[in-house]
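Two complexes follow with chain A in common, the first pairing it with chain B and the second with chain C.
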Partner chain A sequence: MNSLIIILILVFGGAIISFVLNKFLPILLNSFVVLIMLAVSYFFFSIDAAVQLNFEIGGFHLQWGFTSAGYLFGIIVVVLGFLTLLYSTAYMNGKDNLGYFYMNFLFSIGAMLGILMSRDLISLFFFWEIMTWSSYLIVIYSGKDVDRRGLKYMIFSAIGAYSMLMAIVIVYSFIGSFLLEDIFTSIYAIGFGYQLAIAILLMIGFGVKTAIMPVHVWAPEAYAGSPMSFTALFSGALSKMGVFGFALVLFNLVSTQNWLINEVVAWLAAITAVLATFYAVIQTDAKKLLAYSSIAQLGYIIIGLASGTYLGVMAGLFLAVLHAVFKATLFMAVGAVERQVGTTDMTKVTGLIRRMPLTFIATLISIITLAGIPPLGGFVGKWMLYEALITSDHYYLVIMVFLSSTAAFLYSYRILFGMFLGQEEPEYANVKEAPLAMLIPMLVLSAISVFAGTFPGFIIEPIQKAMLVLGFENRIPNIEWYQLSVLFNSWGDKVVLQNIMISVMGVFLVGLAFITIKGYKNQRYVSTKDISSSGEVIQPEDNMTFQMDFYKPFERAIWPLLKRKIDDYYTDFGKGLEALFDFIRRFYSGNGQLYAIYVMAFLVLLLIAGTKYFGF
Partner chain B sequence: MNTILIEILGAIATILLAFTVGMLYGGARRKVIARIQNRVGPPIYQNFIDVVKLYSKETSIHHGWIQHMGPVFAITASITSLMFVPILTSGNWFSNLNFSGDLIFLIYMMVFGSLGMALGAGQTGNPNSAIGVSRGLSQMVGYEIPFVMSMVALMTQFHTTSITGMIELQAQSESWMMFSNPFAFIAAIMAMLGMFHYAPFDIVHAPAEVASGPVSEFGGKYLGMMMTSGSIFAFVKLTLFVDVFMGGASNLIELVIKTFALYMIPVLYGVINPRYRTEQAITYFWKWPAFFGLIGLVWAAFY
Partner chain C sequence: MVISPVHYIALPLMAAFLIPLFGKLNKNLVRLIPGLVLLYLSYISVILMTQVITKDTTIIEIIAGWSPPWGINLVFSPFTGFLVSLFSFLGFIIWIYTYNFKPEVDYAQTQKFYVLFMMLITGAIGVVLTGDIFNLFVFLEITAISAYSLTAFYRERDGAEAAFKYLLIGSFASFLILLAILILYTQVGTLNMAEIAQRVPDMNPYMKGVILILFFVGFGIEAEMFPLNGWVPDVYTQAPGPIGAIFAGIVVKAGVYALIRIIFTLFDVVEVLQLLVVMGLITMAVAEVIAMRQGRLKRMLAYSSIGQMGLVLVAFGIGTHEAVFAAIFLMFNHAIIKGMLFLSATYLVYHSKEKNISDLDGIGKLMPFTAFLFALGSLAIVGLPPFAGFWSKLYILMAAADARLIAVIAIILVVSVIEIVYYFRVLHRIYFKERISTVEIKIPSFNAKFAMLILALVIVIIGVYPDLISGLIERAATDLLDKQHYIQSVLSVGRN
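Here is the complex of A and B:
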C-alpha cells in the first residue's frame, strides 16, 4: 500500500482509537499514542521522494505526495509531534478528557502532514480546516475563558479560511484545475490584478496561522491558554504551516520580480516582530511572554522569505526549523514549571534553579538560541538573515530586525531570571525536577540547538533541497554535512563556525578551570538570602527578588508605541458594526404596515424615476 | 603542531597587550577625572595593584554555579571578540582569527558577555543586581540602534561586512571612514558613550542608587576576573572603532594614540555630566544619535 495512505490512516485511525481507548483502557492510552507516532515517524522517514497518489473525487483530479519543501516541514511535524506526545504523557498525567485531547492532538498532526503532502488546493483546504478545528478544540480544552479566547481564534481562522476559499475559487475559474503544478505554470497567464488578488487572499489565510500583524490578535491567548504540551506543537509546527504556505505563494505564485508584494510582506513582518517583542518584554506571565515572542520570531522567518534572495530564504527556513526546536523546548520548560510549581506568573515564581536544574539548562540553551548569541544555532540563522538583508540593500529592515532582536534580550533574560534565578522561596523548597518523560524531549531539542551552531549542515542540506522546489539553484559545495562550517554572504564575506566554537569553548574552559581551581577547597555555598543588604537583615520569609515592573523604565521609554493595541481597533470595528446593524434594524421593525409603506415608496420611486433611468 | 603553538602564543600576546592597555587606560581615566576635580588621584598603575590584590584574596562563598560561571562568560566574550578584531593592519603577530568572523558576528559576540554576567548577577539574589541588569539591558536597546545604524551604513557604503576588508578599502581610498561618512561616525561615537557605561550613562553601576548593581555580590577572584574582562573589552571596543573609522593602525604606537584619543571622548563627556534616569538614558539614543545614524544610512546609499 502507498505509504502516504498508511501514514494518514495511522494518524487519523490512531486518533479515533485513542478516543475510544480512553473509555475502556485508559492505562494503555499513553503508550498507544507514542507507539502510533513512532510508527508514523518510521513510515515518514522511509518515504521515497517519488511516491505519489492520484485520484479523482467528484470529477476533480487530486494529487498527494511530498515535495522536498513539504518534506522539510514534515520533518519538523513528525519529530516535534513525537517529542510533544512523549512530553504529554507526563504533562497531561491526571487530567480529564485525555481521549478528547489525544484525538485532537493526533488529528492536528495528521492534518499538518496532509497539508504538506497535498499537491492540489482542494486537499490543502480540506486538511487546513481539519487542522483549524482540531487545534480549536484543544485551545478550548481547559474550558476557561472560552468565549473570548476560543471565539477570537475561531473568527480569525474563519476569516483566513474564507479568504483561502475565495482565492481557490478564483484560481479554478481561470485555470480550470486545482493541481498546484498546473496553477504554478499558468498563473502568469492571467491578469495581474487577479494574480495580486489571489496572492493577497491566500496570504491572509496563511498569515492568520503565522500570526502576522494585523491578524495576530488571536495568538497570545490561544498559545497561552492551551495545554503547554500542545502549545509546543502549536507554536513550533502548526504555525509553520503558514510559513510553508507563504513560501509557496511568494516563490511559486507571485513572480519574484514583483518586488512590491515582497516588500509589503517583509515590512508587515518587521513591524510584527518589533511590536510583538515589545509586548513580550512587558508581560509578567511566562506563557504570554513566549506567545508574543513566537509572533515576533515568525516575523523574522517571513522577513527572510520575503527578502527573496538566496541567503534570505535559507535564513528564513533555517530559522523556521530552529524556531520549532527552541520554542517548543521553551514552552515545554514553562509547562514543566507550571506542572511542578502550579503557576507561571513570574512575579510569584523565583529561584527554581536549584530545584529544577535540568529544566533550567534546557531553557538556558533555548534562550541563547532564541537570542541568536554565538556559538549556538540561533546565531547561524540570525547571521544569514542580517547578511541577506544588508547585501540586498534592505537597510531599514535590518535596523528593524536589530531593534527587535536587541529588545529580545530583555525578555530572554526576564524569563530566565523570573522563573529560575533570584532569591529562593521557602514555599518552593520541595519542588521536584520534572519527570523523565518531560525532560528527555527538552534535552534532545536543546542538543539539536547546540549542534546546529557548529554543524548547521544537517539542517541546511534538507533546506537546500527544499529551495530547489522553490526555484533557487544549489549553491552548497558538494561536501558532507559535517564539513559545512563556513558561511558566505553574497559579497564573499564569511564566518567560520567551527573556529568560533573552538575559541569560545577554549576560553570558557580555561577560564572556568582557573576560577574553579583557585581556592576551591575553602569555598562553600551560601543561600541567596545571605547577601549584602546594607545592614538590613533578611528574614527567611522575606523575598527581596526584584520581580514587579521589571522593565518599567523601558516600558516608559516605548510607551508611545504601546498606547494603542490593535485589539482595540478590532473592538472598535466590532462596536461600529454593531451600531450599524442597530441602525439598520430600525428599518426592519417587524411592523407589517411599515413594510407596506416601504413597498409603496419604492413603487412611487420607480414611477417617478423609472422612465428616466431605466427606460420604462 | 608548530603552527597551532604559534597561534596560541600570538593569542596570549594579544590578550596581554589588551589587558595592559585596557588597565592603563582605566588608570588614566581615574587620573584624568581626579585632575579635573582638582584632586591628585591614584597613580596610573593603580588598577594593576587592584587586580593583583583581588586575585590574591581568598573567596570563601558563592551563591550557585551560574554565579560562579558569570565572570567566566564575561571573559569568554571579551577574549573571543578580541580574537576577531584586527589589532594591526600589517604583521602576523596579532592576526589571530581575524578572517573567521565579520562585523555582524562581532556585534553579537559583544553582547554575549553582558548576558552571561547578567545571569550570574541574577543568581546572587541581590535585588540591586537585578535592578542593575534590568537597567543595563534596557540601555543596550537604546545604544545598539544608532550603533547598528552606523555599522550598516559602513557595510553598505563599502560593500563588505568584514573588518579586514574595511581596513583595506580605507587604505585604498586613502581616506578614513570618519571623513567619508561623518554622520555614521557621529552616531557611532554617541552610541559609544552608552557602551562604556560612564556618566551620564552609568545607570547600571550607579553607586549611589543600586550599590554598584550587578557586581554587588561579586568579590575576590570573581571581581578580579570581571575587571580583567572589562579592561580587555574596553580595548576591543576602542580597537574596533579605530579599525572601522580610522583606518586601523600599522604599529602599536599609532594604535595607542588613536585608541586613547577615542577613549577620552566618553571619559571627558562623563566628567562634566551627572547621571540620567533610565528611561532618559534609553530615549537619548533614539533621538539625535538615531537621527545621525539615519542620515549616515542615506549618505551611504548615495555614496
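Here is the complex of A and C:
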C-alpha cells in the first residue's frame, strides 16, 4: 500500500484506538502512543521522494505527495511529535481524560502531516480544518476559561480557515483545478485584482496560525492554557503550518511584481515581533512569557520569508526549524517545572538550579539559541537574517528586528534567572529533577541546537531542497553537509564556526570549573527577605523579593505602547455585535398577528415593487 | 404486488385510517404498524431508485386510469424519488426513535400520535410525488393539518399557542396557494403540472407575475423564508422532539420542493431566481444572528434550521447545475444532521421545563453517548471536515464562485463563523461547566440510541466518502433542471 496512506492510517487509526484503549487498558496507553509515533517516523523517513497518490473523491481530483518543502516541515512535525509524545507520557501522568488527550494529539499530528502532503487545495483545507478542531479540543482540555480562551481560538481559526476557503473556491472557478502545480502555472492569467484578493485571503488564513498581528490575539492564552506537552507541539510544529502556507503563497502565488504585499507582510511581522517582545518582557508567568516570545519569533521568520531574497528565505526557514527545536525545549522545561513545583509564576518560583540541573541546562542552551548568541544555532539564523535584510536595503526592518532581538535578551534573562538562578526558597527544597521521559526530549533537542551551531549544514541541506520547490535556484555548492560550517560575508571574510565553538566551549568549561571550585567555599546563605526597609515593619505577606516587578522601569517606559491592546478592540467589537443581534431578535416578537402582518406586508411589497423579479 | 409509486401514498394513508381499528385488536400494533409501513417504503425506495437511475427513466404512475393531462399522475423521477427515499428513510429512523418515547403517555394519545404521524408522512410524500397542482395543494393541506395537531400534542398552553400561530400563518399559505391555483387554472385551463409548464410561456406576463408572486409568498411560508417564518421558532420549540425532527427534515423540504418545482419547472421567469438568492441570504443572516442570542436549546436549533434552509434557497437561486447539485446535497445533509440534532437535544433537555441551554451544564459526563452525538452533529452542521456538512458547504461556495457572486461567498462564510460561535458555546456548557441544575436526566432507550447512531454513522461515512450519494444527487440535479424531459415524460404517457 502506498506509504502515504499507511502513515495516515497509522496516525488516525492510532488516535481512535488510543481513545478506546484508555477505557479498557490504560496501562498500555503510553507505550502504545510512543510506538505508533515510532512507526510513523519510520515510514516517514523511509519514504521515497517520488511517492504520490492520485485519486478522485466527490468529483475532485486530489493529489498527495511530499514535496521537498513539505518534507522539511514534515521532519519537524515527526521529530517534535515523537519527542512531545514521549514527554507527554510523563507529563500527563495521573491526569484524567487521557484517551481524549492522546486522540486529539494524534489527530493534530496526522492532520499536520496531511497538510504537508497535500498537493491540492482541497486536501490542504480538509486537513487544515481537522488540525484546527483537534488542536482546539486540546486547548480546552483543562476546562478553565473555556468560553474565552477556546472560543477565541476557534473564532480566529475559523476566520482564517474560511478566508482560505474563499480564496480556494475563487481560484478553482478561474483555473478549474485544485492541484497546486496547475495553480502555480496559471495564476498569472487571472486579473490582478483577483490575484491580490486571493493572496490576501490566503495570508489571513495562514497568518492566523502564525499569529501575526492583528490576528494574534488567540495565541497567548491558547499557548499558555494548554497542557505544556501540547504547547511544545503547538508552538513548535503547528505554527509552522502557517509558515509553510506563507512560503507557498508568498512565492508561488504572488508574482514578484507585487512587492507591496511582501513589504506589508514584512512590516506587520516586524511590528508583531517588537510588540510581542515587549509584552513578553512584562509577563510574570513563564508560560505567557514564552507564548509572547513565540509570537515574536514567528515574526522574525515571516520577515525572513517576506524579504524575498534567497538568503532571506533561507534565514526564515532556518529560524523556523530552529525555533521549533528551542521553543519546544523551553515549553517542555517550563512544563517540567510546573509538574515538579506546581506553579510557573516567576515571582514565586526561583533558584531551581540545584534541584533541576538538567532542566536548567536545556533551558540555558535554548535561551542562548533564542537570543542568537554564538556559538549556538540561533546565531547562524540571525546572522543570515540580518545580512539578508541589509543587502536587500530593508534598513528600517533591520532596526525593528534588532530592537526586538535586544529586548528579547530581557525576557530571556528573566526566564532563566527567574526560575533557575537566584536564591532557593525553602518551600522548594524538596523539588526533584524531572522524570527521564521528560528529560530525554529536552536534552535531545538541546543537543540539536548545539549541533546546529557548529554544523548548520545538516539543516541547510533540506532547506535548500525545499527552496527549489519554492522556486529558488540552488546556490549552495555541492559539498557535504558537515563542511557547510563556514559563514561568508560580502567582503569575503570567513567565519569558521568550528573554531568558535571549540574556543567558546573551552572558555566556558574552564570558567565553570574555576567558579565552582573557587566559589564553593565562599558561599553564604541569605534569606531572600533580607532587605533594608528604612524602619518600616515588613509584614510576612508582603512579597519583597527581587522577583516582583522585575522590569518595572521598562514597563513604565513602554506603557504608552501597551495601553490599548488589540484584544480590547476585538472584545468591544464582539459586544457591539451582540447588541446588534439582540436588536434583530426583536423582530420575532412572539405575537402571531404580527407575523401575519409580515406576510401581508411582504406580499404587498412584492406586488408593488417586485415587478422586475417576476417578469413584468 | 407490483411495486409502484402509488404505494407511497396508499400505504401510509391506509395505515393512518386503520390504526385505530388494529389498535382494538392489540394495543402494540398501534406502535408497530407505522414502522412496518415506513420500512416497506424505504425498501421500495431502494428498488424504484435503482430502476430509475439505471434505466435513466422517470416512472409515471397513473391514478384511476385517467391518463394525464386529465387525470392525476405521480412522478417518480431521480429528483422526486431521491427526496421521497430520504423522507421514507428518515421517517423510519425517527419511528425507531419514537417507539417508546414517552411511556407515560396513555394509549389514546399514542394512537392519535401515530395516526397523525402517518398522515404527515403521507402528505409530505404526496407533495413531492404528485404531478397535479391541485393535488399538491391537497397534500399540502393534509401535511399542514397533521402538523398543526402534532405541534399541540402535549396539550399545554405553549404548545397550543405555537400551533395556533402555525395555523394562522399556515392558513395564509393555503389561501395564497389556492388563490394562485385558481387564477392559474383560469389562465391555462389545466391542473396537470406538465401541461401547465407547456402553456405558461404563452400566458399574459402580468398574470404570470401575479400568480408567481402568490405562489412565492405562499410556498415561501412553508419553506421558512424571511419574513414569513415567524411561526417556525415557536413550533419547533413546542412540538415533541421527534416531531421537530420531522418538521426540519421532511416537512420543510416538501415546502421547498414545491417552491422549486413552481419556479424551475412550471414557470419560466428567470429573474425570480435573483430574488430567491437575496431572500435566502437575508433569511440565513437574520436567522443565524438571532440563533446566537437564544437561551433555549430547541429554539436555537429552530433558528439554525431556518438559516440552513435560507442557504438552500440561495443555492437554488444561483441556478447553475452545480448550485442545484449543492442545494440538493445540502437538503440531504440538513435532514440527516438536523434530525440527529433534534433527536439528541430532546433527550438532553427531556425533563427540563424551560428547556434552557443552561440546563445542559455539565451534562457531558452524565449522558456521554447522547452528548457526544450532539457534539458530532454540531461539528457536522457547521461544516467541519471530515463530516458530511463540509462537502455541501464546499459545493455551494464553489458554485457561487463560478457565478462570480463573491459577496454571497463572504456572507455565507461570515454566517458560518457565527454558527461556530453558538454551537461551540453549547458544547462548552455541556462538557466544561459544573452541573448546578437539579433537573433529572433521562437516559435514552436502546432504540433511541440506535436511531441516533445510524444517523451519526451516515454523517461520518458520507463525510469521508461522499461519492456514495453524489452520483444520485447529480442525477437528481440534472433531472430538476431538465424541464422538457419532465413535460415529455408525463404527457407522453397520456398519448400511449
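The rule we apply is simple: the second predicted complex is superposed on the first by the 528 of 616 C-alpha atoms of A that agree within 3 Å, B and C clash if a C-alpha of one lies under 4 Å from a C-alpha of the other, contacts with A are read in each partner's own complex, and residues count from 1 in each chain.
Keep in mind that, in the parts below, contacts are C-beta pairs under 8 Å (C-beta built on N, C-alpha and C of every residue); 3 or more make two chains touch, one makes a residue touch a chain.
Model, not experiment: these values are computed from the prediction.
Student: Using the superposition on chain A described above, determine whether A:Y570 touches chain B (first), chain C (second), both, or neither.
Tutor: After superposition on chain A, A:Y570 lies in contact with neither partner.
Student: Between chain B and chain C, whom does A:G59 touch in the aligned arrangement: first, second, both, or neither?
Tutor: Only chain C; A:G59 stays clear of chain B.
Student: Would you check which partner chain A:W133 touches, where first means chain B only, second means chain C only, and both and neither mean what they say?
Tutor: Only chain C is touched by A:W133; chain B is not.
Student: Tell me the contact category for A:F43 with respect to chain B and chain C: first, second, both or neither.
Tutor: In the superposition, A:F43 contacts neither chain B nor chain C.
Student: For A:I155, select first, second, both or neither according to whether it touches chain B, chain C, the two together, or no partner.
Tutor: second
Student: Which partner does A:F184 contact after superposing on A: first (chain B), second (chain C), both, neither?
Tutor: In the superposition, A:F184 contacts neither chain B nor chain C.
Student: State whether chain B or chain C is in contact with more residues of chain A in the superposed arrangement.
Tutor: B
Student: Intersection of chain A residues contacting chain B with those contacting chain C?
Tutor: none
Student: Spell out the part of chain A that touches chain B in their complex, as residue ranges.
Tutor: 351, 353-354, 364, 371-374, 379, 382-383, 386-387, 390, 393, 395-396, 398-399, 402-403, 406-407, 409-410, 412-413, 416-417, 421-424, 489, 491-496, 499-500, 503-504, 507-508, 511-512, 514-516, 518-519, 522-534, 544-546, 550-551, 553-554, 556-557
Student: Could you please specify the touching residues of chain A with respect to chain C in the complex?
Tutor: Those in contact with chain C are residues 56-59, 122, 125-126, 129-130, 132-133, 140, 143, 146-147, 150-151, 154-155, 158-159, 162-163, 165-166, 169-170, 172-173, 578, 580-582, 584-585, 587-588, 590, 592-596, 598-603, 606-607, 610-616.
Student: Flag every residue of chain B that touches chain A in the complex, lowest number first.
Tutor: For chain B paired with chain A, touching residues are 55, 58-64, 66, 68-69, 71-73, 75-76, 79-80, 83, 97, 99-102, 104-105, 108-109, 111-112, 115, 118-119, 122-127, 130-131, 133-135, 137-138, 140-142, 144-145, 148-149, 152-153, 155-156, 159-162, 165, 211, 216-217, 220-222, 225, 277-279, 282-283, 286, 297, 300-301.
Student: Considering only the defined contacts, which chain C positions touch chain A in the complex?
Tutor: On the chain C side, the touching residues are 161, 164-165, 168-169, 172, 176, 205-206, 208-210, 212-214, 216-217, 221, 227-228, 230-231, 233-234, 269, 271-272, 274-275, 286, 289-290, 292-293, 379, 384-386, 390-391, 394, 397-398, 400-402, 404, 406, 409-410, 413, 416-417, 420-421, 424-425, 428, 431-432, 465-467, 470.
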